[in-house]
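Everything below concerns the one structure shown next.
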Amino acid sequence: MDLHGLPILSGIIFTPLVGAILIAFVPRDRQRLVLWLAMGTALVTFGLSLLLVAAFHTAAPGFQYVETVDWIPAFGIQYKVGVDGLSLILVVLTTTLTWISILASIGPIKTRMKEFVIAFLILEVGMIGVFLALDLFLFYIFWEVVLVPMYLIIGIWGGANRIYATIKFVLYTLVGSLLMLVAILATAFSFQAATGSWTGAFDYLQLRNFGFDGSLQFFAFGAFFLAFAIKVPMFPFHTWLPDAHVEAPTAGSVILAGVLLKLGGYGFIRFALPLFPAAAHQWAPLIIVLSLIAIIYGAIVAMVQPDLKKLVAYSSVSHMGFVTLGIFIFQSQGMQGAILQMVNHGIITGALFLCVGVIYERTHDRSIAKMGGLAGSTPVYAAIFGFFMLASLGLPGLGGFVGEFLVFLGTFAVSPIAAAVATFVVILSAAYLMWMYQRVVFGELSDFLKSLGHHLTDMSPRELLTLTPLMALTVILGLAPGFVLNLIQSPVGDVLARVSVGGPTVGILP
Amino acid sequence: MTGNLDAYLVLSGLLFSIGTFGFLARRNAIAMLMSVELMVNAVNLAIVAFGTFVPELKGQGTVIALFVMAVAAAEATVGLAIVIAIYRNRRTPLVDEYSSMRD
Amino acid sequence: MTGNEILALLPFVLVVGLAMAIVLVDIIAPHRDELVTVVGVTGLLVALAVTVIAGPLPSGVGALPAGGQQVLGGVYARDGLTAFLDLLFIVIALLSLLFAVDYLKPRALPMAEYSATLLFAISGAMLLAGGRDLLILFLGLELLVLPGYMLAGYAKRDGLSTEGAIKYFLLGSFSSAILLFGFALTLGFTGSTRIDGIAAKLAPIVAGQAPISIGLAMALALLTTGVAFKIAAVPFHYWTPDAYQGSPTPVTGYLSVGPKVAAFALILRLFVVALAPLKGDWLPVVVILAAVTMTLGNLVAVTQDNIKRMLGYSSIAHTGYMLVGLAAFAGAPVGSTAESQGLQAMLFYFVAYTFMNLGAFACVAALQRRPGVTSQIASFAGLGRRAPLLGLTMTLFLLSLTGIPPTAGFFAKAYVIIAAVQTGGWVGVLAVIMMLNAAAAAFYYLRIVVYMYMRDAPENARPLTIGAMTRAGLVVAATGTIVIGLLPPITNAVFDMARQAAQAVL
Amino acid sequence: MDTGSLDQWLVLALLGLPLAGFGLTALFGRRMGTKAWIIAVAAIVAVWVAAMYLVDQTLFQHAYGDGGLHFRLYEWIPAGSFQVDVNFGLDALSAVMLIVVTSVGMLVHIYSVGYMAHDPGRWRFFAYLNFFMFSMLLLVLADNFLLLFVAWELVGLSSYLLIGFWYRRRSAALAAKKAFIVNRVGDLGFALGIMAIWTTVGTLNFGDVFTRLPQLLASGGIQEWQMIGICLLIFAGAVGKSAQFPLHVWLPDAMEGPTPVSALIHAATMVNAGVYLIARTNPLFAEAPEALVVVAAIGIFTAILAASIALTQTDIKRVLAYSTLSQLGYMFASLGVGAYVPAIFHLVTHGFFKGLLFLGSGSVIHSVDEEQDMNKMGALWRRIGITHVTMLIGSLAIAGIPPLAGFFSKDEILGDSFKNGFIWVWGIGVVVALLTAFYMFRLMGKTFYGPSHVDPHVEPHIHESPKWMTIPLILLAIAAAVAGLVLGLPFDGGLIHQWLDPLFSATESVLGHGGSTFQIAGIDGVLILVSTAVAAFGLFAAWRLFGFFGIGPQAARVAAVTDRFKGLYTASKNKWYFDDLNDLLFVRIGGLLAAGLWWFDVHVIDGTVNGIASLTQSSGRGLRQVQTGHVQNYALGIAAGLIVIALGYIVLVTR
Amino acid sequence: MGLPQTIPLLGWSWDDVIFVVLSGVMLGSALLVVLGRNIIRSGLFMILSFAALAGIYVLLGAPIVAAAQVLIYIGAISVLILFAIMLTQSKGGSAALTFHHQAKAAGLAAGLLALILTVTVLWTTWPEAVAPGVAVATASTVVVAQLLFSNNTMAVEVISVLLLAAVIGGVFLAKREEAPDAGEPTPDGSA
């Protein structure tokens, strides 16, 4: 299938915006209509992204469906979007999680539903835009567009300490991204200075073929690193995450964990590495060490969390450590694993947050200590929660495993010691997840839960509807990750060719 | 001495400094305003001196000095009006008692 | 005077005439605020149209001879920069008029004197935009600031207003005297009152044909201090918070934009043209001023609970950002693109800043329509619910002030940084400092959003009505803020104008 | 799939049937009530039939030749140069494993119908059991390391689910978690081993790895220490799954699961996976004899360690669990000394008799109202005859009394150890044999003979188990009785050797063993006599102390013996304090570390962030002091600024 | 006249003498303006200072400026200021507390400024055309008038606008608000 000349990418990017504008005109009291419109928009976007999947030429290298419109010709800034395998899967991840999140919010969000869905749809615009932008300026704009709706989602619909959390989130993110803006502009200028023209100065496709000067690379990479590391988040820039997750409403957490954290990983692969390969090599040892610390550290700290969401948040720190490790090990399997891990983490952690949300809906509490014995009273919930718990700890056969393993494998090929350190986390993650699961699900029904009486119901059909697709995806990605791996084969090859270290290094056991 | 530009400029500078001191040290709004007038006069002296000694300026110095005086007059008008307005509110001309707004 | 000369001067004349006309209208029909507003707005629209016709604009409208259309022997000239700034000043006047109506009336303050004074001030600003003679520039400056002092004290029964006014006035005249001394020394040293004449006299010094004089350094110091005061750069900013807090809110809005941009216009003529040969000498000072200004502005703004004061400090920070553009110009080699881009960025920043900052103050004013509403940030609590549209608009302005895309404020910052980075060196460092500042600034801007959306309105909050004029003004400001960011043709148009304006002084 | 032959379909059916059984039971089992077992049991019976057909094809018909049947289902992970398929292999080793797994599995399933009849969660139980069967069969049939690893972890998961089956019991939940986590420690090593293999040879398929890795070593492509490293990493996986020292701690706790689970998973099948793995990777170990020594050492140490603990335990299932550890130690020792066939032989016989013993213990427990403490049993032999007889057969078998199954396999292990030059292994092995016989008959004595200590309330209700349970017991007893005779005779040339020798001969020849012929009249005969005598002595000692068919136990002598070895006795009773050590290391110190890191996170990292924020605020607050509200101060500031700038300019200009 | 060309002994020209005297008077009275305790007396000294300055203008050959100085500064501004002083003099006015506590710092700053200004002026070569000691050309009224109405036409117009604006604003601010309608006399009428 081929979509000859249809601006499918712009369609995907701006459909949610159109939906948001439509919803803005719906009277506040027509809640149902608002919801239908929101769901409809999200599903149409989802459908469009699937259409894109169908129309995508997996075998073809490079970017497809590139759209270019001059925007600010004075600086050669363009509206330029395009899709390759890497962005494709992340776009599909985004569109999937968006409709699931909206569906999941129908019950929990009780006030200002209209504003909520508008914020959510605009958030979707930003996220998709980041994944599709091929112009650095445009990329930056979408990057920042993501910020505001998330700020509002946490700040308005969040928990008790939401304001602290949301401001922390924004300031943290801004510090990184504004420096990234300086770096973007610096690279653009460097390009302009060399070519004598602004044409193409923000064009990713041209910039990545342009060898930047060493010191510029070093500092620009540093700025990009900061922006992406904060978003990922990498140790020690991670402390906004537990706060944001704890305070965010369920859907916010889902998107935050599911997509927003991926923006950082995506940024590394798409921009930081190809644009500044030499600097990437300079920075890589530091980043690898930080990743290793994050992997172990996040897991250990997760072990003592009293709050379900905080636990999952710290587990995200640990899991996203694989992503950065896989990326910066500069090895084909490692990077493929990192991408796969991004997708898997998006699905699994998103689902875990949904699971936490389900119980929070009933108890308005998230402290592990008050839970217990859910297996008896809500068996379906316990089973699904267990499923994602296992997926999260990287049980083979489920999604999490393949990505993790590829990262470990790639790391091992480069540095067995690093791999051993990283792999050690499989024990820790089993420990904290199972410990959490045991205390929440096993045992006798806790007094606190008993006091809820008949309010402690098992999953509703709507909740099932949000989680079952994710279960299916988790299984599919575990059993047949090939379709994702095939998509990212050529982007990863390309990136690695640019950082000029590729392929497994055979025979370097420790 | 009278034929020396430097003398006039130094004189101007001294007058300017005296005005500055008055502005910094006096507490009464009107006294401060008077200090500013001294400063403006100092500048005027410099301008006139330049107008006399610098050939390119011909009579321009004089002209500018006249305008500066006019501006000073306007400034004084406005300033005094404001002083009177605030005096109605605060019943004091001492500026350092006007510190309801700070930080 | 030829017809062309008349046309070139016409916008200024129209604004002055309009001011007088309003005085007349008030004498003929006293206390007719609506009438005054209508006359004022209509007149300004006419002036706007005339300015467009007079040009020169990049679209080819009102093409003028090279070097601009000289008027009256060259003391005033209309060039790209004049046109650019005139348009901006008229818009500022227009918005300041619109926003004032609903604020002044409940406080029994007359519209006529306000409008007339405001227009006189604007006419002063327009003189700064076109003046090419030190005397004209000085008179323009005085014409700008004297009405400003009066506007600051416009709520004359209000102790804070008069207190702000007298502080503003005293310090303002002090700085005027300093600036004037600088003028005098420059004048004496170069023997010319014309800015291009001064530049011509200074050129040999730069070329190394004449020794650079210590007296000239003193002149530079006096001039720098004078203009730094007018743009409210640290450490000459002290008047800003107090004058802003005390002034009636629409006046604060005007003060935060009009005199600042006009003072920058003076800088453009004085430093960028007349003292351009010495730019290597004043660059370090500008770099330091910019860094200190934005940092202090933001740091102190973080701690403010009074929104007008907070926005006052924030406007100090914005001065710092604008200075980065100037530094980019000064740091770039003569004739390089970076030189031009620094100025373009600065000019673009003026436009964005005008819309967003005036807009933000207008929202404050709208909230304070009923006398007695304080300027405490807490008064914004629950605004998102009480007045969703007002809340949304305010959010927009705040996001723009923060520099979040795709608002005008973002592009303004981006252009400044492009220029700064392009110039490199210490100016590049300045860009980084600027971005760190922008991040810190997000804290206090977003705090207002927090109040509006994340806190509940006080129990006794009464319903909020927004006057038609304010509404119209807000629409204009909001549209400007969005459209300049979001609609590429508009962005580019503004940018082209800025480019042409910058070319005029290069 | 490459071709669609019937046998390939059958292999797939081996996996598909239990998986389908799991899915259907999980989805509908709850609604089926007491009949929830039907699907699951039917699936396993079908699997057994199919397996038997395949075993016949493999072992008797040699339908696939020596190499076995290999085929690919689909491409699983195509990650550039890392290509892993879902592919299966069926050779003699797999077939032998199939016999044990499917037979014991089927019998346990049947047994469970009776055992779990009154448990409301029986549908879950059968679903889990089926899932375990799927995992275990996948483990046996997997033809590459990664797929094996998947199965490896899935059996761990099944074990987790089944140990924690009675999730309301905290101890069960804890034991389940412990089992999984301890297993993961081993898996960590295994996973690293797999990575090492791929990094060195670029493939994970068994066949390719087994040929290429030795080649690589021969050609100098890798160093010998790398080979040893790979082998030890793989062995780490085996240590975890087969509960060898020091990862043995999970298995006794795993007895929290229902008894059929203990029989199936924690005795007959899953715990053998480690043995299977080492046997499977024998071509690699052949190149790393040093690694084999480690295997032997760990194995025999575990054997004696576990046996010593089993001596003093009072929980009937825990005795059996330690016994399992001990027997697994034997198998590893056997592998370590290069006696692969005896190891597998013992695996098979142990599968039968240990399955039998566990099921028997379940029957015992069932009869005394779920009591597991042997101190509250006694004199049961009259009341539950079938159970008694079958367990007696099992005990004799494990004790190594001829001609029961255990005798043949254990004897081969000890014999080969001795003959291959591992005298120390043999020596310890003989001691273990003695202890084995002793603790098994201690168990028998305390349970079936001597006076009754059964709770008086329970006493009247003691009853023999239903047919569902006894029939599997009888079948297993028969197997435990005759398996040795069938497979092990003639010595060193029985069926098991015919099947497996081709598989291991290459390796055994590389190691330089296996050349010697069996001499019943020579050294072998002596060894047989020694081990039989030792076993008989242990049996006799236990009989004297704990009673036998009406002969009363001698409590006073027991007390005297324990008093004499007080220290050893307490240490044994407390399982040599391994659990306490683990608790200290991982729960307490680890918990402190985690709490410390969290403190670090909140106060140092986040503290820095918040510190920067508050520093900003306080510097802002400090700076706002400049704004005094006094005009003169402002003016002075301006004047000062002017002076500074003037001086600055003057310096700039005059420099 | 009968006077000698130069002053005996000193060898100064009479102009110099007058300059010195006028300068002394000007600076002295300026000092009294800023140092005096009584604000009314300060105002009066200011007038004296301005008058001396007018004399210096004459010496400089700018009689027109001198005239304007007398008319505008002494005639208008000073009177205006005195008037305002009277208006704002509260009962028992605080005559004693005229100095701010930062007076020392102010003195330091002013002294530094004076030093810098003097030094810079003296060290600078100004582009003066007239040789020292030679009387300077006076700017005749005609020249000034020509300048005013040729090059500086615009400035003239602007200054009128400025004054108008100042008056309008000044009137509004100084107007007593109790009776907004009544055209009360304001102190700034003379400007």
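So that you can tell them apart, the chains are marked A, B, C, D and E in the order they are listed, and the count of residues begins at 1 in each.
One rule holds in what follows: contacts are C-beta pairs under 8 Å (C-beta built on N, C-alpha and C of every residue); 3 or more make two chains touch, one makes a residue touch a chain.
Given the structure is predicted, the values throughout are model-derived calculations rather than measurements.
S.K.: Mind listing the chains that sit against chain C and also against chain D?
M.R.: For chain C paired with chain D, the chains in contact with each are A, B, E, in label order.
S.K.: Any chains in contact with both chain B and chain E?
M.R.: C, D
S.K.: Count the C-beta pairs in contact for C-E and for A-D, then report the pair with the higher count.
M.R.: A-D
S.K.: Work out the mean Cα position per chain and let me know which chain is farthest from chain B.
M.R.: Relative to chain B, the chain with the farthest C-alpha centre is D.
S.K.: So, comparing C-alpha centroids, which chain is the farthest one from chain C?
M.R.: D
S.K.: Can you figure out the chain closest to the middle, judged by Cα centres?
M.R.: The chain sitting closest to the overall C-alpha centre is A.
S.K.: Indicate the whole-number Å distance between the mean C-alpha point of chain D and the mean C-alpha point of chain E.
M.R.: Centre-to-centre distance between chain D and chain E: 104 Å.
S.K.: Using mean CA coordinates as chain centres, what's the chain B-chain D distance in Å?
M.R.: It comes to 97 Å between the two C-alpha centres.
S.K.: As a quick test, compute the distance in whole Å between the mean CA positions of chain A and chain E.
M.R.: 72
S.K.: As a quick test, compute the distance in whole Å between the mean CA positions of chain A and chain B.
M.R.: Spacing between the chain centres: roughly 65 Å.
S.K.: Among the residues of chain A, pick out those that touch two or more other chains and give their numbers.
M.R.: Only 171 qualify.
S.K.: Residues of chain D that touch two or more other chains: which are they?
M.R.: 613, 624, 627, 629, 631-633, 635-636, 639-640, 642, 646, 650, in rising order.
S.K.: Find every residue in chain E that makes contact with two or more other chains and list them.
M.R.: In chain E, 100, 102, 105-106, 109-110, 113, 116-117, 120-121, 126-127, 151-152, 155, 159, 162, 165-166, 169-170, 172-173 touch at least two other chains.
S.K.: Every touching chain pair, please?
M.R.: A-C, A-D, B-C, B-D, B-E, C-D, C-E, D-E
S.K.: Spell out the part of chain B that touches chain E in their complex, as residue ranges.
M.R.: These residues of chain B touch chain E: 1-11, 13-22, 24-31, 33-35, 37-38, 41, 44-45, 48-56, 58-63, 65-67, 69-78, 80-85, 87-88, 91-94, 96.
S.K.: Show which residues of chain A lie in contact with chain D when the two form their complex.
M.R.: Checking each residue of chain A against chain D gives 168, 171-172, 236, 238-240, 297, 300-301, 303-305, 332-333, 336-337, 373, 375-376, 390, 395-397, 401-402, 405-406, 408-409, 412-413, 416, 419-420, 423-424, 426-427, 430-431, 434-435, 438, 441-444, 479-482, 485-486, 489, 492-493, 503-510.
S.K.: Which stretch or stretches of chain B touch chain C in the complex?
M.R.: These residues of chain B touch chain C: 5, 9, 16, 19, 23, 29, 32-33, 36, 39-40, 42-43, 46-47, 49-50, 53-57, 60-61, 63-64, 67-68, 71, 74-75, 78-79, 81-83, 85-86, 88-90, 95, 98-103.
S.K.: For a test of understanding, state which residues of chain C touch chain D in their complex under the given definition.
M.R.: Residues 166-167, 170-171, 174-175, 178, 212-214, 216-218, 220-222, 224-225, 228-229, 235-236, 238-239, 241-242, 281-282, 284-285, 296, 298-304, 440, 443.
S.K.: Taking the touch rule as given, give the residues of chain C at its contact with chain A in the complex, in rising order.
M.R.: Residues 399, 402-406, 410, 414, 417-418, 421-422, 428, 431-432, 435-436, 438-440, 442-443, 446-447, 449-450, 453-454, 488, 491-492, 495-496, 499.
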